[in-house]
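Here come two complexes built around chain A, the first alongside chain B, the second alongside chain C.
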Partner chain A sequence: MALADRDPVLRIPFWRNVKTIGILAQIVFVAVIALGVFVLVTNTLNALGRANLPADFSWLGSRAGIPIAETPIPYTPNDPYWRALLIGFLNTLKIAGIGVILASLIGIAVGVMRLASNWLVRSIATVYIELLRNIPLAVQIVFWYTAVLLPIPPRINNPIEIPGGLYLSNVGLAFPFLYPTYRFGAWVPWLVLAVVVAVVGVVWRRRLAQRSERPVRVWPLPLVALAAIAAGGYYVASLDRTLPDGLAVDFTIDRGRGVVYRDLDGNGVRGPRDPLMPFASTIVRIAEAELTASTQNITESGQLVRSTFRFPMILERNVEAAVVDFGDPEEAAERGFAIHFTRFPSRGVVYVDRDGDGEFTPGEESDAETGIGYGGVRLVMTVVGYERHIVADRDGQVRTPAFSPSGTVRSAEVAPALNPFSVFGGAAAAESRDDIVPLEADVELLPAGPLVLSRVHVPVSSYEGGMRLTVNYLALLLALVVYTSAFIGEIVRGGIQAVAKGQREAALALGLSPSQTFSLVVFPQALRIVLPPVISQYLNLTKNSSLAPLAGYGELFVIATIVQNQTGASVPVALLLIASYLLISFVFAFVLNIVNDRLALVER
Partner chain B sequence: MRKTLLVLAVLVLIVGTAFGQGKLQEVQARGELRCGVNQTLPGFGSVDAAGEFEGFDVDFCRSLAAAVLGDANAVTFRALSAQERFTAVQSGEVDVLIRNTTFTLSRDTTVGLNFTAPTFYDGQGFMVRTDSGINTLADFEGRSICVQSGTTTELNLADVLGALDVQFTPVIFESAPQLVSAYDDGQCDGWTTDKSGLASFLPTLGVPSDHRIMDATISKEPLGPAVLHGDDQWYDVVKWVVYATFAAEEYGITSDNIDEALESPNPQVRRMLGVDPDQVQGLGLSADAMYQAILQVGNYAEIYDRHLGPDTQFDIPRGLNAPYTGGGLLYSPPFN
Partner chain C sequence: MPDTAPAAVRADAPTDGQPIIEIEGLNKWFGEFHVLRDISLSVNKGEVVVVIGPSGSGKSTLIRCINHLEEHQQGRIVVDGTELTDDVRNIDQVRRETGMVFQSFNLFPHLTVLENITLAPIRVRKWKKSKAEERARFFLDKVGIPEQALKFPGQLSGGQQQRVAIARALTMGPKVMLFDEPTSALDPEVIGEVLEVMVALAQEGMTMIVVTHEMGFAREVGDRVIFMDQGQIVEVGTPEHFFLAPREERTKAFLSKIL
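This part shows the complex of A and B:
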């Protein structure tokens, strides 16, 4: 009875039921959040609508019109915005990927050096870390770019030549590179086979090692097999020396530029449907032609260079004969000019032989009284039998110096006063070139193996062929690598010191050498401690690459800023930026966390 | 929520009164003109050693102040960046924007500005080394060009050289000083921006005589004062003060001889200088407004020569910026 009386009191009304309250509170919470988001979104959309700014992504398909210097995939300003942004994204990956690898290598080296027993080595590492860690990254980027890489290397038409075909100038670094040709497809099955054989081999050797009592080397045999099959396949794939059907070259000699393409419709003219032929191997021959240059007084690598002339880089072995003479021989004779080559036939100085010894003496390249060099002296190079092996670039393009027909050296006063009203002012100038008799260039297409070695050359005033890294990229890369490696170095040092001292002593007591102790005992254990903080340094490096505007490198942030400026789509661009950086960070974190899990101590 | 409503109401009130009053009355009541200018473009708008603003654009601010307030020094200058400038006009922070701003359709419509007569007809040009062998745009084939981002220059560059089928390497920079040092160090064969900008930075290069500005012009960049859309009276005032500087040059009136010009029988001159007061007063200004502007700051030619003319380090030829009588585009409607 008593229970029944108390029952209505015991029944809790639903609004006081903890369960209901909990659910209600969550519904209210979600509703408030949803309302907040709704207000924010509609408010933004309204504001954007009022300002006539795009709030969606429809502009992604419009023509971008932005010129971009470094494009990992083919790109022209006529491509849409999404492609420009994609290029920015790839450029970010290019700097982050290489940067992470280099920063790790340097960081580990510095971290190990900090613990070295040698005082000098230890001190160098300490100074390196303390100095670089405490200077803001932005300052370092500006330093590498404007204080080191722009002023110190020589200019593009006088690059430092490093053995192995490397060229360094203040435009950037370029080196020979292997590129896949049209015949690469024939090699691919062999490569697949080689990899499969190698994998099977490794598995087999591992099993053998487990069963065997004696030590078995797992890697050498499968690797030899891999190399042998790949090399054999390369040879077989290169046997067929025929060129693809309809391969042709459209060469515009007065522009010094040609395009290798496949004339699929067979009309002998390059149409819009004819595919370009990347990395085709060609030989360009020009019977006789002329180039002009003027002497200049310039500051290069911090030094004043007087009376110097630089023709486009023509190597002696590429020509049968090359003669350099004055554009105005009478005037030159009158003023007593002579030519001294620093590198025949492209580079040299004009001087007056004052001491009469018949050769160039330093000091003779400038006026004795004023000390001013002889600027603006016109020189003409006549080239006979130009012949050069040129590998087309990614867009099927081959480039030679812009030769003029022999004997028709253009006068210096070509520039007609263009009508300032005409927006396409240069058209008139282009027409005036029609009266020049076109030069004859003979372009021979060579059969190629699956890979072709593309060498660097400087036909006009930028690198062609090979792999090219701009000075903007190098400056940003250097700054990021050096800055991040200082942090990684400290992390590595901490990780090594965290390995129990007894481990090292035990390893040494077992008779392992100090290097074996380090690589087999200490470092693997240190790696476990080091990896998580190093992952966050990798992410830092990636995000810090958005300081690229300081070095003029066209990565994602730079291109996104330009796109935002052109379209006014600030919110969509910001969203894309956030999504891109999140994506990169997530992928990094995901991959490295898997590695981390595998390395982590398995406790039972 | 109530607080927000209150703030909104106050804002509406303030904005309402500000609009109700009109910019001209607002400026006159305040006793000083707020003028948005550049401080990083020598010749057009920069700060001298004494901390004073000077330049071609700056002088038009002074002319306007002289006309509206009778005192060419009654100006507060606001140095604005390219990104800030439109917001500053929209928010009413500046009364007028005279900061080498190009008159374009979208700025007239979406940005909500009204442009007066252009004070400087500019165009995108190229700077190259004199000995580079580059004489026409076609000579940029295979070469590199430095360009500043965030403006129309990179679009013009790609469009024009693309139309000429010239393949070049662009090197894009965010700030002008960075670009100039890269060009000076020889990273690029050429450098493109507005010709006025080229002329303005030319003297800062290592050896200025080694460089020249090419003749080719690839875009139209009419630069002029801009005011906020929607205040016709203020727009008229700014517009006619600019015209007065054009007209004064056309009629040969300078700050030196203006008192003699007051005796002129030419009815145009008499109306402009307020000898016949009705026309200028119709703008809501005092009758001697244009007289004060020209007396205190000078006519167009004086302003031009003071900052950009042959006696300055820039020495920019008048070109399109000559009176229509001299083959240029400066043309003032009649003061009738």
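This part shows the complex of A and C:
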């Protein structure tokens, strides 16, 4: 055909045709990639197989045995690997989430300060930014951790009490916190209802405002409805006073801690399948206990001493009164037995008042040589009640004194809800784990509302209750926030300067004050400019949190490293790590891009 | 003084009126550069004063001094009985009573037209939102674009944007309007719609100081024309005076270029 002969398309050989070349190139490209992936994967699997290392994820369910200091959800070393990794993931979110908020606030402040007309303010901001963004992050983390937070705060024995129930020490910061209880679930439907009603209300009021001639206030009514439904729901959810089935208290051996768990298998013992009750499951009432400890085999005197202490239960930092019964009071008095409370909170020591002045003087320790309790009676005023010590016997034999502790909860004062996971605790470290005998106490579990305020208590050398942030967390947080805020500050400064000068002039000419001009006109426009670069700073902060090992904070990277060491599952762990960081970054980017789109200026 | 320019001309308002702006011996420097020299100018209530002059002659700086967007170093500026001093209260007072329209519109791009107009009345005059919106719609109607209230500035043409800017300034209820080359950034075909609004405003008796090269506008509603050059007022007169018999050589040279 003459037409076809003249049609150039038909006469092009396929290797010169742009379209076929394109398709062929794609096929070759995909094939090369697939081959590369295949070679890598088979190679890795073979190598792992030869080294007898796991290449799958079956190890995720085995017992991890990794102690983690900071656990946002209940966790014990008996929990499986996946839970340990989940804790790490949550800890990463905890540092990234709080870090991003703080870095933004400080960054905005510093960025605005850099443009201040006041020379001093401007210079401080300049020095802040230039100093902090030019020092490597790793150096800053080590600085905050080893040079500031470890040495400067007071020891945990004597923490600073900040008004509002906060405590700061070299162990970290602890502050009161609201925790959801087992009853929180009953409140959730009400919260959902409240939010739905409020949203519907806002939409309705908006429509009304558009149609109505008269002014309509959009926000007050829906917000009142929100608060009313939420409060009413809280009340209703609190009415049901039943406790969940199978609730029981378990005293762990180490550190004399109690936890509330659900005894699903009904065997009365917390097994691996019995879940810890998340958060402050309930209010635990333990008030005043009478602990009876009787000692036999007192080496020096051979006398039977029975000591009975009555004191406010745990968490009382200063024991004010103790009734000490040494069995035969007259003989005890004759021999000068007395009890002395050391400077440490709620710790008592029995001594022999050799000089008869009624006070404890150095040298009167019941065992002057070892400094440990006379006849093994050195007392710690906690729920565990006392610390038992191995007594160095005169004949050189080491044996455990025969304590027969028993404790009863007698009166019913309400102890505040404690640490979300430990009901009570706080025994000082014992010399060996077996040394501490779990207390037998009648513990009454009381129903709680959907939320419970957990206050901080400081028994011996640890915080109980509230929300606790370790120095490791604080050091990493400070370094990340300060470092990132310097970059955000520069971005904010640039954004403000990028807003046309006429905008400011127009606002001033209308009579707006300089601060109104900034907050209503300049800043909203600067925000649009700075958001994309600030988002990448947020992602940087999140990724930089993997420098956590420098501060010893147990986030995802740290825990994954331990898991990989223990299981040898290097490839699966690496894949999980990659997936986790990608997930966080994608979610960040996704959410912030939506915000960015919504803020974008409307153009034609 | 190294300045070689001839002595400045006073631009006093007719004595039969009630002066609302009084500028006496105004001097301003940008660093070493003497941008305004011995400006003395007064404007009566209801007067329309057109300021012309080559670029760099200080005419924009002059009207920007009147609402203290620029700070002056010497002389007095009194607007509606309030002298511009370093007192923030005086500056706020003057800015409340003067509206300004800029060459580049300077609408707030993140706010709708209505929000642009009601922002200052709500925040500065403490009007209720309903009252502010009612007044805003009144002035939008007046500048002829009531249907654009809910659009964003980026969706409007230049002429429409400038009319919004005029409505924005008017809604504050100013006693004086300052126009800083309001039509210079506009396409030729939309200049007319902005000038129409300004003419109507002038005919309603608004006190206006207009920096512009639109001599048609000056002839139609201008009470006085001021020619500035090198930071000085060179010649003052009625529009007719300028068109028919300009006195100074500099004025003649300038007018021959723009007419």
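A few points about this structure:
Rule of thumb we're sticking to: the second predicted complex is superposed on the first by the 308 of 604 C-alpha atoms of A that agree within 3 Å, B and C clash if a C-alpha of one lies under 4 Å from a C-alpha of the other, contacts with A are read in each partner's own complex, and residues count from 1 in each chain.
Definition applied: contacts are C-beta pairs under 8 Å (C-beta built on N, C-alpha and C of every residue); 3 or more make two chains touch, one makes a residue touch a chain.
This one's a predicted model, so the numbers in the text were calculated from it and none came from an experiment.
Once the two complexes are laid over each other on the shared chain, residue contacts for A:Pro151 go to chain B alone; chain C is not touched.
When the two complexes are overlaid on their common chain A, residue A:Arg83 makes contact with neither chain B nor chain C. Touching more residues of chain A than its counterpart among chain B and chain C is B. Contacts of A:Arg262 after superposition: neither chain B nor chain C is touched. By the document's definition of touching, neither partner reaches A:Arg205: not chain B, not chain C. Touch criterion met: A:Ala500 reaches chain C, while chain B stays clear of it. In the overlay built on the shared chain, the residue A:Val171 is in contact with chain B alone; chain C does not reach it. Of the two partner chains placed by superposition, only chain B is touched by A:Ala69; chain C is not.
By the touch criterion defined above, A:Val558 reaches chain B but does not reach chain C.
Comparing the two complexes, no residue of chain A contacts chain B in one case and chain C in the other. By the touch rule above, chain A contacts chain B in their complex via residues 51-53, 65-69, 76-78, 146, 150-151, 155-156, 170-171, 255-257, 292-300, 375-376, 397, 399, 402, 412, 414-418, 420, 423-427, 429-430, 433, 459-462, 464, 470-472, 549-550, 552, 554, 558, 561-562, 565-566, 568.
The part of chain B that touches chain A in the complex is made up of residues 109-110, 123, 129-131, 133, 135-138, 141-144, 147, 149-151, 154-155, 157-160, 162-164, 166-174, 178-179, 181-182, 185-187, 189, 206-207, 210, 214-220, 319-320. Those residues of chain C whose C-beta lies close enough to touch chain A in the complex are 67, 69, 92, 95-96, 98-100, 102, 104, 106-110, 119-120, 123-124, 128-130, 151-152, 154-155, 165, 168-169, 172.
For chain A in complex with chain C, the residues that touch the partner chain are 214-215, 500, 502-503, 505-513, 516, 520-521, 524-525, 528, 599, 601-604.
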